[in-house]
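Chain lettering (A, B, C, D and E) follows the sequence in which the chains are written, and residue indices restart at 1 in each chain.
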Amino acid sequence: MTDITGSGPTRGEPVLSLRNVSKNFGAVSALTDIELDVHAGEVVALVGDNGAGKSTLVKILAGVHQASSGTIRFMGREVAMTDPGAALDLGIATVFQDLALCENLDVVANIFLGRELDPWRLDEVAMEVKAWTLLNELAARIPSVREPVASLSGGQRQTVAIARSLLLEPKLIMLDEPTAALGVAQTAEVLNLIERVRDRGLGVIVISHNMEDVRAVADRIVVLRLGRNNGVFTPESSNHELIAAITGATENAVSRRAAAHAAAQEGGLA
Amino acid sequence: MTDITGSGPTRGEPVLSLRNVSKNFGAVSALTDIELDVHAGEVVALVGDNGAGKSTLVKILAGVHQASSGTIRFMGREVAMTDPGAALDLGIATVFQDLALCENLDVVANIFLGRELDPWRLDEVAMEVKAWTLLNELAARIPSVREPVASLSGGQRQTVAIARSLLLEPKLIMLDEPTAALGVAQTAEVLNLIERVRDRGLGVIVISHNMEDVRAVADRIVVLRLGRNNGVFTPESSNHELIAAITGATENAVSRRAAAHAAAQEGGLA
Amino acid sequence: MSQNPNSVAGRSLDRADARLRQDEGLGGALRGFIDRVRSGDLGMLPVAVGLVLISVVFTSLNPVFVAPNNLVNLLFDCATVGIISLGIVCVLMVGEIDLSVGSMSGFASAMTGTLWVQQGWPLPGAILAALAVGALIGALYAVLFNRLGMPSFVATLSGLLAILGMQLYVLGAQGSINLPYDSPLVKFGQTLIMPDWFAYLVALIPGILIIANGLSAMRRRRAAGLSGGSLSLVVIKALVLTVALEVVVWYLNLGRGVPWMFGLFVLLVVGMNYALTRTQWGRSMTAVGGNREAARRAGINVRRIYASAFVLCSTFAALGGILSAARLASASQQAGTGDVNLNAIAAAVIGGTSLFGGRGSAYSALLGIIVIQAIASGLTLLNLSSSLRYMITGGVLAVAVIVDSLARRSRVSHGRA
Amino acid sequence: MSQNPNSVAGRSLDRADARLRQDEGLGGALRGFIDRVRSGDLGMLPVAVGLVLISVVFTSLNPVFVAPNNLVNLLFDCATVGIISLGIVCVLMVGEIDLSVGSMSGFASAMTGTLWVQQGWPLPGAILAALAVGALIGALYAVLFNRLGMPSFVATLSGLLAILGMQLYVLGAQGSINLPYDSPLVKFGQTLIMPDWFAYLVALIPGILIIANGLSAMRRRRAAGLSGGSLSLVVIKALVLTVALEVVVWYLNLGRGVPWMFGLFVLLVVGMNYALTRTQWGRSMTAVGGNREAARRAGINVRRIYASAFVLCSTFAALGGILSAARLASASQQAGTGDVNLNAIAAAVIGGTSLFGGRGSAYSALLGIIVIQAIASGLTLLNLSSSLRYMITGGVLAVAVIVDSLARRSRVSHGRA
Amino acid sequence: DGATVAFLMPDQGSTRYEEHDFPGFQARMTELCPTCTVVYQNANADASLQQQQFNSVLAQGATVVVLDPVDSAAAASLVQIAHSQGAKVIAYDRPIPDTPADFYVSFDNQGIGAAIAQSLVDHLKAEGVPEGSGLLQINGSPTDAAAGLIRDGVHSVLETSGYETLAEFDTPNWAPPEAQQWTAGQVTRFGDQIKGVVAANDGTGGAAIAAFKAAGVDPVPPVTGNDATIAALQLVISGDQYNTISKPSEIVGGAAADVAVALLNGTDPGATTTLYDTPSQLFVPAVITRENIKAEIFDKGIATPEEVCTGEYAAGCQELGITQ
């Protein structure tokens, strides 16, 4: 386990740094004293158990929720993310876990929402072409971009949400479980995308429960547990180490299942 | 690739069999001539690209949509699934990809929705205890079951949806990407659960994009591509074979990514 | 706390999570309450505060406002539209609307008048017939909504007109029918008051129920390994409520006393509240209003739920109409026209029931109608021109809900909208 | 189709998916249409069919219904409430409501009457003042909604009352004010008719626009590698529309002709339709109505969108009120009371705008108000007692939307609700 | 002959239009001009709807329109439209002050207000109620022009009566429950200071009575009314309501028919007076109290004992000699 700040493959300036960020919802403390740094050209993976507070953290950074306490510095200045518009203006693009799409609008309208081309006379042709380009880049399988998002499959929606975030020219891009609903090909494309984005010098925060994917793209792996920092790892850390940090125990459902399977297989062979 | 019917580790009677099931949404043919059999005590994995029609198929079997054509036999009799109530009454429990929870109700109310204990004087204590039991079985991390579902994290919601399906005594259980949002421990518990359910002689249909998980629990793997059957595999089939069937090409984003990484690593070593 | 098989690591099942502040006992309850104040999750309290606010203002303008007999009148007036509003709560709960409750109430009063006074039916027969017609019309809306997919706004707008036509038709040449003053119905609507001792007794019931239910729930929860909550909290709650109610009863008894009609209204509210919160049907109503498709997928017979909501609403409207006729001792063409519709809907909304479904309470009808009638009553005590009267009503209404709105706003900003 | 860098495997970008039926050319369009009929996705067609249905019935009962001058009167009558309804479409689009449009229209007419006739302001000044007050009141609602979080139902209900008070106050003892007949305003509201040739000319514009836009879109789409759609379809659409409009104009010219006031209404509808469908603002309105939180996360200034909706609604209500005054040549205490509110909301809903936000169209105000006024006009041609008139209005209204409801139902059952 | 005559009434607020005025008009029309077509419309208190109806009857070829205007000011433009199309307008019930119609047939609404108030004041004086005692005044709808006329009539009498108006109320939509709630409030406020109530019609009057009864006030102070509805006649008979006004609307309706036929035939309708520059015929309504109810109502056949003397009112009828 490495120290929380300053370490890791720091390829650039710190884009984002959080100090002592906490968030309470009534009697529940969703986040307590979180510290986090993201540098330019760095992919930070945020991992943790269900309800660990990953999405809450992302929402705070996206201006959706306000932190109960703590400071956020972005590009060297302390910032107050009062609403999502402010975060977007700062250059923070987010793919939310719940996608946040408008079901009544079609795919093109969702991708360009808030950033339509030609505000006084929408340029539907240009937007449609650009939408197809983005979607094809992500290997999306969407029959028509003129259907309301309500009729799309889970993975198709997720692709639309990811495509949205590519429109901006952000400095930091946050992806909250971007591949959860994606097919194998689409997942590969998103991982490629993350690498491309990193290589362009952006900071990236990615949340995932898939340790393989995480290790494939992350430069640093930050673990949250029950709303608190629980260590920073490198992709070279072992699976066992990581999972122990996430679940808070070396003996856990995953290890038990692995053991049981191993036993069964031995039994089968015997 | 094995033949579509009759093969595979048939441990029991056919619970479900579909013949020539098709579904159109306007100009889009979401499903075309689907054939599928599920036997008692068998786990069938349904895999396919985004938008391949997996969820549409599950929704048809759950009575949410009606098939445009084709026949469905359940427990030997031809059935018409006119609405979700009918499917539930037949003994088909479903975990939907979009979860289908009532955001305004709390966790307990959602788990017991439609099957409340003591309809004329709800037994909240008994329901709460049972809810905790189910959730703990799934290694859920939910601070309070008396909060509306709207305030839960993505994985917590998914756990609630899975817990719902355990309440029934079904003959067939369908899980549409049940582990997409789950943490590693919860995923392990759900895989355990699938095995327990199978061992109790139920038929199970599970949809997932995670080939490892699929291979870990499935007895047969049915591939859909662009709304059509695209082969049936066994867990022993290679990853490469499976992904080729899903994406419809041996050269695909996954293989490309793998190749690129291999090249990069070599380059790095050189 | 007894060590229980279900409890985890010495903590009760529902308090096991490390992130949860352990609010035990009275102090915990207090901390929880402060949290709720901060996050704006206060239920009906803000509206009640708004009500107190306007009461203080009106009393300072004219002390007659709090004269016992003025309050007794207020309670009489609340009962009729309040019962209609209770039906509105039902349709709002499932996210629909009934615009025809005014007409329905007018038609029911016309039917009662015609059948009873003119045709000589026995009173209970006439009332039952009117209620049955109400239920029937609700069933008709359900068919239009469930089978033909007609939006309830349009279906009940058609109903509003058609039923008004029927009301005019039934009253025909007569225009209005006097109901006999010495009949039990009119007495019920105008003068029937609970005996003092009885009112005092009734006011004890809520406290007793709270303690009884609280104790039994606590015992069962502890036995099951759940946190039990604080006994003292339950006792204090019951005590405060009982004292408050007894004082109110005592005060009303200084005047004429507690109207039976208001008693009936409260009984219906409490019954409805039980049905909405403690039965499977009520759970289904909330679910359908919150997410129709999710409810359907849970196997709930969504159509039947909608039907029950429409039928209940029309039936309550009919009952409210009959009681309005009793209150006025007359069944007339004007009954149910004018502001009845808007007031009934507004009462529910002011009380906190959402127009979008899935969130509401039977008590919102009670509280909302009291707010509306208090404003009306307060204004009758001031000599105002019509123009001023309208302006002030509008202003006061806004003020009465501002407290609630602010609380709700803070709820949103705390991420619990 | 030209081979384009963007097209995939010889197919245009948006037609590449194998599951998509390739609906090219006229035959494809026809197949697409049949699909849409089947799945109930027909926009305004069903309501139009309902309208034709009731027109046939009324005509068979009394041929005067289709007399050119009766239709001219109908158009005059549609314009006033129609414009108010257009404002309602705006607030419904974002999922809110304005109950005060009736009062607002009455107050605007009272203001115009007082300032212009009594205070001697120049007419444009009086009109502008009334519109400005409308906008101001809308802005006030926006503040109550955005800053205090007051539900729009309650805020505008307060407004309804307060503004009615102001209307009574402004008109004072007088009660009503005559507007001079020979003033341009009253002429506009009562008699001003387009010259025949001009009306014919105007009726050409939609067709020309369709062809022009259609061709340019087709060219640009093809150039960008998207499917272009069928040229013949565009031409046929334009032709059918043009012929239909010219016939209508010809028929109306047999009577008095096309009222300028109706022209203004249609112009506003078309403008509003453009704003809602072809501008960023309109997109944001739809988004906010569909999913407020998603719109907010997309960086849309949600508060500004709500504010624009409330301001537009109140301003349109004021304009409608001024035109009602012009139509009646009087500004009176009754203006805006009675059914104005319900009719304005009902028109939008009947035309297909959802009460729940995110779905609607400016044309729904046009179509809905024509349905409502056609029913009213048809009934004036039959000698009916009030009771029958109400019953029949209710029944006919239900019938007029039944076609639409059935279509919608099939849409739901096809999974596209 | 063969002409179309329209009869346009303003609202549902009172049943008289549909139940008395129009039948009277129609009966007389059938008598005088059997071939004429009579069209009836009621505008539900909506001035725009009335305009629509007016245009519609003109489109149907009406040459004479009998108009009871919802909005007297707006009606001026209707007269102009009619005249521009060669049709004649008879103002009915409510005047059209700004543009002279061809004729005006009416009861005088302001006169009605004065009459009910005067009758009440006389009664109180006869009972020895001292000057300076308090009265309540319940007006009609604040948005109804006719209600304004009645209110003005009441004011003109009460101002000089020596009695004090304790409080005054415009009843929204003429709705009885609103009147009842307001009266109930005044009863708590003023108690037995209230010596009488001037209510602008029978609906609001009945509501005031209900409020007194509900408050347990016994005897109920005298309450006025207007319209002579069956319900009000019954209350007068039982002694609960002090007075009402009989407007034998059939007779006025018949008179309008006479004028219509005269205008059709181009003969002189025979005005008795001129009001608002319009040749007019005004009828004097009769104030009805217990004293004259038999003579004015039953003996004149305006209502029959069968419809009034039902149930609990039978005794009162006997007492007054209406039934044996």
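Operating definition for what follows: a residue touches a chain if its C-beta (ideal position, glycine included) is under 8 Å from a C-beta of that chain, and two chains touch if they have at least 3 such contacts.
Bear in mind that the values here come from a model prediction, so they are computed numbers and not experimental data.
Asker: If you check the contacts of chain B and chain D, which chains show up for both?
Answerer: Chains touching both chain B and chain D: A, C.
Asker: So which chains are sitting against chain C and chain D at once?
Answerer: A, B, E
Asker: Please indicate which chain is farthest from chain B, where distance is taken between mean Cα coordinates of the chains.
Answerer: Chain centre farthest from chain B's centre: E.
Asker: Approximately how many whole Å separate the CA-defined centres of chain D and chain E?
Answerer: Going by mean C-alpha positions, chain D sits 40 Å from chain E.
Asker: Distance between chain A and chain C based on Cα centroids, please, to the nearest Å.
Answerer: Between these chains, centre-to-centre, one finds 46 Å.
Asker: Just the number, please: Cα centre separation of chain B and chain E in whole Å.
Answerer: Taking the mean C-alpha position of each chain, the two centres sit 74 Å apart.
Asker: At least two other chains touched by the same residue of chain A: list those residues.
Answerer: 25, 27-28, 141-144, 151, 226
Asker: Could you check chain C for residues that touch two or more other chains and list them?
Answerer: As it turns out, chain C has residues touching two or more other chains at 17, 19-20, 168, 172, 385-387, 389, 415-416.
Asker: Please output the residue numbers of chain E that touch at least 2 other chains, ranges allowed.
Answerer: Residues 12, 142 of chain E touch two or more partner chains.
Asker: So which chains end up touching which?
Answerer: Chains touch in the following pairs: A-B, A-C, A-D, B-C, B-D, C-D, C-E, D-E.
Asker: Within the complex, which stretch of chain C touches chain E?
Answerer: Against chain E, the touching part of chain C is residues 62, 64, 67, 69-70, 73, 76-77, 80, 117-118, 168, 171-178, 180-182, 189-191, 256, 324, 327-330, 332-335, 337-339, 373, 376-377, 380-381, 383, 385-387, 389.
Asker: Applying the document's contact rule, which stretches of chain C touch chain D when the two form their complex?
Answerer: Result: residues 95, 97, 99, 144, 148-151, 153-155, 157-169, 172, 342, 345-346, 349-350, 355-356, 385-395, 397-398, 401-402, 405-406, 408-409, 412 of chain C touch chain D.
Asker: Residues of chain A touching chain B in their complex?
Answerer: 25, 27-28, 48-52, 54-56, 97-98, 139-144, 147, 151-156, 158-159, 177, 180-189, 191-192, 209-211, 216, 226, 243, 246-247, 252-254, 256-257, 261
Asker: What residues on chain B touch chain D, complex-wise?
Answerer: Within the complex, chain B contacts chain D at residues 25-30, 65-66, 226-227.
Asker: Inside the complex, what are the residues of chain D that reach chain B?
Answerer: 17-21, 23, 32, 35-36, 39, 41, 413-416
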